[in-house]
Amino acid sequence: MRISRDDVLNWIRNCAAAVADNKEYLIQLDSDIGDGDHGANIHRGFQAVLSKLPTVADKDIGTIFKTVGFTLISTVGGASGPLYGALFMQMGTVTAGKLELTLADWAAAIEAGLNGVILRGKAILGDKTMVDALMPSAKALHEASIEGKSLPDALRTCARAAEKGMRNTIPLVAKKGRASYLGERSVGHQDPGATSSNLLLQVAVRTWTNGAS
Amino acid sequence: MRISRDDVLNWIRNCAAAVADNKEYLIQLDSDIGDGDHGANIHRGFQAVLSKLPTVADKDIGTIFKTVGFTLISTVGGASGPLYGALFMQMGTVTAGKLELTLADWAAAIEAGLNGVILRGKAILGDKTMVDALMPSAKALHEASIEGKSLPDALRTCARAAEKGMRNTIPLVAKKGRASYLGERSVGHQDPGATSSNLLLQVAVRTWTNGAS
Amino acid sequence: MKKLINEPEHIVYEELRGIAAAHPDLVEVHFDPNYIVRKGSPLKGKVGIVSGGGSGHEPMHGGFVGHGMLDAACPGAVFTSPTPDQMLEATKGVNGGAGVLHIVKNYTGDIMNFEMAADLARDEGIEVESVVINDDVAVQDSLYTAGRRGVGATVLAEKICGAAAETRRSLKDVANICRKVNDRGRSMGMALTSCIVPHAGKPTFSLAEDEMEIGIGIHGEPGRIRMKLAPADKIAEMLMTSIISDLPYKNGDEVLLFVNGMGGTPLMELYVVYNKAHEIAVKSGLKVTRNLIGSYITSLEMAGCSITLLKLDDELTRLWDAPVKTAALRWGM
Amino acid sequence: MKKLINEPEHIVYEELRGIAAAHPDLVEVHFDPNYIVRKGSPLKGKVGIVSGGGSGHEPMHGGFVGHGMLDAACPGAVFTSPTPDQMLEATKGVNGGAGVLHIVKNYTGDIMNFEMAADLARDEGIEVESVVINDDVAVQDSLYTAGRRGVGATVLAEKICGAAAETRRSLKDVANICRKVNDRGRSMGMALTSCIVPHAGKPTFSLAEDEMEIGIGIHGEPGRIRMKLAPADKIAEMLMTSIISDLPYKNGDEVLLFVNGMGGTPLMELYVVYNKAHEIAVKSGLKVTRNLIGSYITSLEMAGCSITLLKLDDELTRLWDAPVKTAALRWGM
């Protein structure tokens, strides 16, 4: 029960498709408490990733993730560009040289990615950012891995944690990013970045519980 | 059956009141085929006339008309300022020195005023301007005066002619003024200047058939 | 009505007070009658240049008073020609003995009010020449209309004549240069939205979300044709085609290309339009040697643009390049 | 969505092409990565000044590239910070050996992207200083927010630092002057209408006919408070009171008063606001010795305004007055 390189490539492609499908939704969320570009930003980024992917499809998973990260950095812009960039770059660092991933590898990758996001953006849990979706997800994967859960089970637990973390942003007052300017007026809205982060983890379940597992 | 100086002063005051009442209506008409200021323009002018009037209330009718004309010229602006200015200035010229007006005097005043408007604006009948209301009115007064009609009858005939002239502008294509830029699109709208001219002549009936006559 | 105003009746007065407070180094603002005059006027031996028109077109004309452009501007009520007493006082205030040029946009009201002012000024012994600007190709035939409106070329004429007057050219010369600009300049405009005349309080015309007006003037008057909203490139093409075919401009002509915003359209979009307009000019064999991009002759908060082409020659280019120092147009000093 | 555009995805590209076609005498436009660089860059021995940010704020920053202001501007997608490769290439392109100053508006995205670019540039041996502009008094406390946004003072900092760099001041000096402008500048903005982000296609927020937002930024983000529409004088008072009480400005201080339009508000209304803002400044004991009025830092077609006050001293006044030659700000040359 491993995640192969092809699985990784499929996940990234499916992420691009899911982002495209949710572009308007993410724009709407970002219009409510931000500047209305989040959907367009990461869509632009993942489109660039799609066209870059063939050039590294035969490389190790670490290289693939780093390429994704680097591409996002140079095409997304805004706050989410460097943050998603950091996520994938760090995922790439801890998976360097690998051609397949165990559950423990995947958990380590997400944890490293999360740390990259925190290092760049300095948000803590509860600031109403993507960290609120990523941190519980990383935790869930880590625990599932220790508990020896199956990969599909772990992915599902992780996705549930991501979704819960995303929903938890609704009642929060934003403390970081553009939504923080709104103060109390940010309450009652779901964070766009947490929403896109959740999306990536939902796609992992969808992709890998029909395929590799 | 004469028009006294007080009658003249009352007419002018009532004109100011009628213009104030019809300001929005005239703005609306001018918005449809012009630039939406006619009501505001002549309202501004007649308000200035109202505050100027006391300084000439003891002068001859010619002086009063000329003062109205001069005041309109320096406060109305736009196309209607010089045109209504010319109307009253010429009315003043032919009534110079008079302290009361016969029907013939009034007919001559309106005719002179009309000629002043034509000289300045160079519009002919059917160009969809105030001339379309003023020319039939002048003609009606002239004929009523020759036919020896009573002043009230003459004023009523004149007012009917003015109203008819005003309504006749509706199907016309404008050839002068701002509405001419619209070409065929000016068809179906009543000319604002013809409407305000008609108003002045309707006020004359109202003022002088309850008062002097 | 969403505007930064207090009472609609006070808007021109408060604007003029704002101009007086902002630019005491450039202009003096007179009230009752209202006019804006260049600091230090009259300049002995210099032809005075006076323009004016309704307010709501800012920065035209008040923003163009200063060295190398206008000596005085007469602002009327919003979209309403000023009254003759304003132009008379302004004319007297800038007459340095070399006569005064009136630059008049072709609108019935402007024409008549300036005419009366010129007559009155002549009665007082001031030599006055008037040049009427009528560059709007959207209005076709003066037999059936009040004639072509004066629009974008007015800005160019004021700059160029101002430069000529600065070098102490005679009144006759400056007036002839003004006529030359008018003869060689053509414009056309379009609107995405109507404007709201403050005292009217609602849009002069209404356009559906998917409609636009082509061939508008600068007073919120409806245009010649209402059309489905088109991409910027198509709009640029419609305007440029009408303009180029009207003069006609010839292969190899040097031109000034002026893309103007109507007041509610941001600079970003004007550059998108400029991009295509420039491309069309070049494809048509014109050499765009000068340009101007910005909101210089506006129609309150209307969204939209106009394009003006001016055929240049050495004299006009030199005068365009000459130093100018006004609130809204400034270079070389 | 009523805009002069073609495809929303092409707006920045087409705008940049328009700028390239319009101002070949002032700038060069590079694509992939996108940046606008001053003609003739790099200037040996001169500190290079680079700024950038999302598009939709024009003329900032591209309109400020030229003599006496910016050496390069990096435009992102609409309202989206540019990416590090843009700033890296721009920094390399303007490095004349004296180092490069990054003027960064305080937004999470701008900060992070510029930070990465500065690191990369330093890796290539270029000395880089970054100054973050955060002058928006509408945002109160960086403990609970991403900190005050960078708004109007950015324009003033770019002009003033540009002048300092032009006299070959050192990177450290120019950076310190930039910090001084930021320390002494305060701004606040308001909106009458929302703007429409092109790829979103509808207003970012919606305001009723009788509502306005106070304390907005420049990205169409909602403000701090939604209020009933108020007269211009009241709006000027709200903004000025917040600004003046924040610094605090002292009796007798010389200030630059900058009344800025958000993109959809015509100049006429800005002068109405200026009129009151100037009056309030004077009543508060401030001496308005310089000013700027116009749409310089915008938010697409948003209607509204912002006010910026900058406390001047002799050095800042001299640098403000120094010649500048850019597409959007020009004097003295």
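The first chain written gets the first letter, and so on, giving A, B, C and D; residue counts start at 1 in each chain.
The rule is simple: a contact is a pair of C-beta atoms (placed from the backbone, for glycine too) under 8 Å apart; a residue touches a chain by one contact, two chains touch by 3 or more.
All values derive from a computational prediction rather than experimental measurement.
*Asks:* Following contacts chain by chain, what is the lowest number of steps it takes to reach chain C starting at chain A?
*Replies:* 2
*Asks:* Based on mean C-alpha positions, I'd like to know which chain lies farthest from chain C.
*Replies:* Of all chains, A has its centre farthest from that of chain C.
*Asks:* What is the distance in Å between the mean C-alpha positions of chain B and chain D?
*Replies:* 55
*Asks:* Using CA atom averages as chain centres, what separation in Å is found between chain B and chain C?
*Replies:* Result: the chain centres lie 33 Å from each other.
*Asks:* Suppose each chain is reduced to the average of its Cα coordinates; what separation in Å results between chain C and chain D?
*Replies:* 29
*Asks:* So what's the Cα centroid distance for chain A and chain B, whole Å?
*Replies:* Taking the mean C-alpha position of each chain, the two centres sit 76 Å apart.
*Asks:* Would you pick out the residues of chain A that each touch at least 2 other chains?
*Replies:* Residues: none.
*Asks:* What are the residues of chain C that contact at least two other chains?
*Replies:* Not one residue in chain C touches at least two other chains.
*Asks:* Draw the chains as dots and join the ones that touch; what shape do you get: line, ring, star, complete or other?
*Replies:* line
*Asks:* So which chains end up touching which?
*Replies:* A-D, B-C, C-D
*Asks:* Quick one: which bits of chain C touch chain D in the complex? Just the residue numbers, please.
*Replies:* Listed in rising order, the residues are 2-7, 11, 14-15, 17-19, 21-22, 55-56, 58-59, 63, 192-193, 209, 212, 229, 231-233, 235, 263-276, 278-279, 288, 291, 293, 295, 298, 300-301, 303-305, 325, 327-328, 330-333.
*Asks:* Under the touch definition given earlier, write down the residues of chain B that touch chain C in their complex.
*Replies:* It comes out as residues 27, 31, 33-37, 40-41, 44, 73-83, 120-121, 173, 175-178, 180-183, 185.
*Asks:* Chain B touches which residues of chain C in the complex?
*Replies:* Per the stated touch rule, the residues are 33, 54, 76-85, 107-109, 112-113, 115-116, 138-139, 144-146, 149, 197, 199-200, 204-205, 217, 219-222, 224.
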